[in-house]
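Pasting a structure here, questions to come.
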Amino acid sequence: MKAQKKHSGWKNSLHEVIYEADTPLGKLFDIVLVILIVLSVILVMLESVKEVDVKYHQILFTLEWVVTVFFSFEYIARIISIKKPWKYIFSFYGIIDFLSTIPLYLSYLLAGSQVLLALRAFRLLRIFRILKLVKFLGEASQLRDALRASRTKIMVFIYVVIILSIIMGTLMYLIEGNDAGFTSIPRSIYWTIVTLTTVGYGDIAPQTNLGQFMATVIMIMGYGIIAVPTGIVTVEFNKRREKQWVHTNTQCCPSCSAEGHRDDAKYCYNCGELL
Amino acid sequence: MKAQKKHSGWKNSLHEVIYEADTPLGKLFDIVLVILIVLSVILVMLESVKEVDVKYHQILFTLEWVVTVFFSFEYIARIISIKKPWKYIFSFYGIIDFLSTIPLYLSYLLAGSQVLLALRAFRLLRIFRILKLVKFLGEASQLRDALRASRTKIMVFIYVVIILSIIMGTLMYLIEGNDAGFTSIPRSIYWTIVTLTTVGYGDIAPQTNLGQFMATVIMIMGYGIIAVPTGIVTVEFNKRREKQWVHTNTQCCPSCSAEGHRDDAKYCYNCGELL
Amino acid sequence: MKAQKKHSGWKNSLHEVIYEADTPLGKLFDIVLVILIVLSVILVMLESVKEVDVKYHQILFTLEWVVTVFFSFEYIARIISIKKPWKYIFSFYGIIDFLSTIPLYLSYLLAGSQVLLALRAFRLLRIFRILKLVKFLGEASQLRDALRASRTKIMVFIYVVIILSIIMGTLMYLIEGNDAGFTSIPRSIYWTIVTLTTVGYGDIAPQTNLGQFMATVIMIMGYGIIAVPTGIVTVEFNKRREKQWVHTNTQCCPSCSAEGHRDDAKYCYNCGELL
Amino acid sequence: MKAQKKHSGWKNSLHEVIYEADTPLGKLFDIVLVILIVLSVILVMLESVKEVDVKYHQILFTLEWVVTVFFSFEYIARIISIKKPWKYIFSFYGIIDFLSTIPLYLSYLLAGSQVLLALRAFRLLRIFRILKLVKFLGEASQLRDALRASRTKIMVFIYVVIILSIIMGTLMYLIEGNDAGFTSIPRSIYWTIVTLTTVGYGDIAPQTNLGQFMATVIMIMGYGIIAVPTGIVTVEFNKRREKQWVHTNTQCCPSCSAEGHRDDAKYCYNCGELL
């Protein structure tokens, strides 16, 4: 039982260092982790720049190993020191931690595993929590709630936009023929979305008069369309701010004729009469 | 009379299968229909991709026939099984169903009938109804109502934008001469709208100093202009939401502890107690 | 005196035909005018399209003369039939009518007078009035009022945007050197505004790493910046809609402690006590 | 003591001329200053235009010296005539004034000092104060307050956008390989931000089908994303305006005909009469 306790005590210390930041060692661990997360993202970027990779390949490769080993130990330590390991392993952060650790190991087994490196940037989200940016977390969750609440509206909106893009894209393909990059319907749909969202690369652009006229129509439609998500999100933000407001019905008090009762009102707020 | 009844019964069964989804057969029909609608849209796209069409022409052509035959039978069945066929035939969905069925037949009669294929994407709207996405339909109609209510304002806005584009386009044509793609006034107007809507392809771009200065003015005007439809739509969304909300205070009923009373309430809406 | 009266009667008839639309002749005049205004704008456009001008030069030239002669007579008739001619002549519409009539006459006297043709499109604004689109006029004036009310805020905003563009443009000129189109500071400022307004032609684009990083910063700034005019205009639209709302102060009734009195209240709205 | 007083009087006069605008000399100084600030900014621009610099180098150089000498004297005079010179020297305007004065002197000592010329544009902000555009200053500070209040939300938003851009940029680099300009991850991230902000230069554009599909996803995400800062700023503007507004009805006082009573008013706010 002593061993158990000791063991538990050793686990507790590890838990304190990794998951909390009250002790000096816990703070040090957090700072090192933030630095290594940022470093790991920068490493992935630098390796992709040919001139840098040619010159400093050995240094970058060594640093990549340092980061990977640290992340591996961190991942194992997180699993050991927590009471319900499976909950961590299958949590959002647990999966991200795992996937940002394994690419280097995998690269010896199978090609194409660098795709996982892209996910490493998700670890940057942890910085919010590590730096105890509670205020920021509150703001972030407000934004997330507002976006989540307007999810259905935005999905309907995007679905309609996609249908419109397919129709307009097909028409543009028929109008422009094969010239000017409109070589297939999927490519024309790509162009339509580039235009509707007002991105406008210009890699594909209509050449015929009718095509340019249609493009004009799509752009002016894009005007109205871009207003919709902004309107949805703004209203949602407003709603969140006006929380003290409740919904009322059109019922009228039989005794004093007061109106504007709460939906769930049983008595008149003005004269106390049963509604 | 028996035959009549039997006939009517047969019609009723068909109606149930096609227009409703309570029976297993009705559900099956709906699922098959959704799959074929999505398939029919994908077919049109794939046929336009040269490499795919060359390789799989026979398969695509066969599938196109399968879809067309199914749609033909569905269209006829819809007409037969409904009480007022003309109402369906001339409804929005009736016309779309007809137009997405005939292109293959028409292609033997006259060229250029592929234009109708573009309309097939409209059938995707039916998925809302088929999948009984009532919640989505509600959201969609809210969006539609808000857009409809702001229709006049947006039309005035677009009319003024078009007049401005004609004026600015004509000026740019005179400034830039024939260089840099400003070869005619319609093309200059096309460029002006590309700029005002902040799309900016770059296929046409001013080269002279005066032209670039004018472009800057148009872009900064575009700033203010893009704000207008967003403002209109946002206000319309807000209006829809605020219709029946009143302000409440944090007072708590002394008798039943109900909260959320109107600011001017004298009696509890829940128990009628004097507040 | 009889002649005087007759003359006046003749003037009145002309006034009725031109300025009103109650008589059949007045309606006919309005319809002809709308058609000719639209025709005159289309003519200017077609003349600029080389292929069309080469083929149909004679027809276009004749039609231009027809329009010009009609507009000349209309302009003279408007002056004659109105009581205060100077008020019309120096009104917005009077000046536009004059300037859209003279270019053809001027073209015999001095070159470059086609610039005035651009102003002809302003006559399209008259269609609102001619077609008695009163409802639209109301909407238009609402939009105009909202934009006018937010004028100061938008001017401050644009002034700050211009200062920012000068600073960023100068920095980009120093960073990118002469490559990639950043040949002078004015051109770099042009590029900065193209980027800040999210137009993005791509005729000029940064090539160096530092330049691309700066561009990224400008684009993300542009995000925040584009939100400002939208916010200003939306609030202004909202204000206009909430007219029934009045401003209250923090005064408290000495008798019943009711709060939220109008700024100009003399008596308590709740108990009638003098405040 | 007389000398002291005299000195102080001389300082006071200088202070009045430079910092105030009540005397004719003070007004003249302000006007000259505004002209020279605008001139100094235009000079920096013109010097960068090769054709202009070659032709008028001597004139531009002389004017640059005129401006620099005036600014030098102004800077020294500001320091002398103010009571707490250090407060001015280390204020925002003090630093800008210093940095826009020294580039010409520095150019004899070290190369690359032209970077400071970019800061000269900040002096344009002083025009607000010089021209006593108090109304504009009020509007400007309102905008600044609203932006400052939404600072945390916007920072969270930008942080999330950057993480998204890193992830999407890395994926696009892996998808597009080295073709089409996606030569490294930093460059792909640059492209992602160009797309997300709907700028869309088109200097880099995806060529593969998968790349174009991913681009479409990013653009549609950009739709939702661009709505967020607009929503944040709009709500902030609204909050500022609504602080003390209550709803009124169209009731009219039977005694004094005052209008605009609170919805729950029982007595007229103007004459105390029972409503």
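Order as written gives the chain letters A, B, C and D; numbering starts at 1 within each chain.
Everything that follows uses one rule, which is that contacts are C-beta pairs under 8 Å (C-beta built on N, C-alpha and C of every residue); 3 or more make two chains touch, one makes a residue touch a chain.
The UniProt protein names, listed by chain, are A, B, C, D = Voltage-gated potassium channel.
What you are looking at is a predicted structure, and each value in this text was computed from that prediction instead of being measured.
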Margin query: I want to compare two interfaces, A-C and C-D. Which one has more contacting C-beta pairs?
Written below: C-D
Check: Looking at where subunit A touches subunit D, is over half of the residue numbers used by both copies, so same, or under half, so different?
Finding: different
Item checked: Mean-CA-position distance for subunit D and subunit A (Å) -> 30
Note to self: With centres defined as the mean C-alpha position, give me the subunit A-subunit C separation in Å.
What the structure shows: 40
Checklist line | Computed distance of Cα centres, subunit D from subunit C, in Å | finding: 26
Check: Got the subunit B residues that touch at least 2 other chains?
Finding: 186, 189, 198-202, 226, 230, 232, 234, 238, 262-264
Item checked: Contacting residues of subunit A [partner subunit C, same complex] -> 198-202, 230, 234
Checklist line | Partner subunit C, residues of subunit D touching it in the complex | finding: 41, 44-45, 48-50, 114-115, 117-119, 121-122, 124-125, 135-136, 139-140, 142-143, 146-147, 154, 158, 161, 186-187, 189-190, 193-194, 197-203, 226, 229-230, 232-234, 236-238, 241, 244-250, 260-262, 264-274
Notebook entry, point to check: Can you list the subunit A residues touching subunit B in their complex?
Noted result: 152-153, 155-157, 160, 163, 166-167, 170-171, 173-174, 183-186, 189, 195, 198-202, 205, 209, 212-213, 215-216, 219-220, 222-224, 226-228, 230-232, 234-235, 238-239, 242, 244-250, 260-262, 264-274
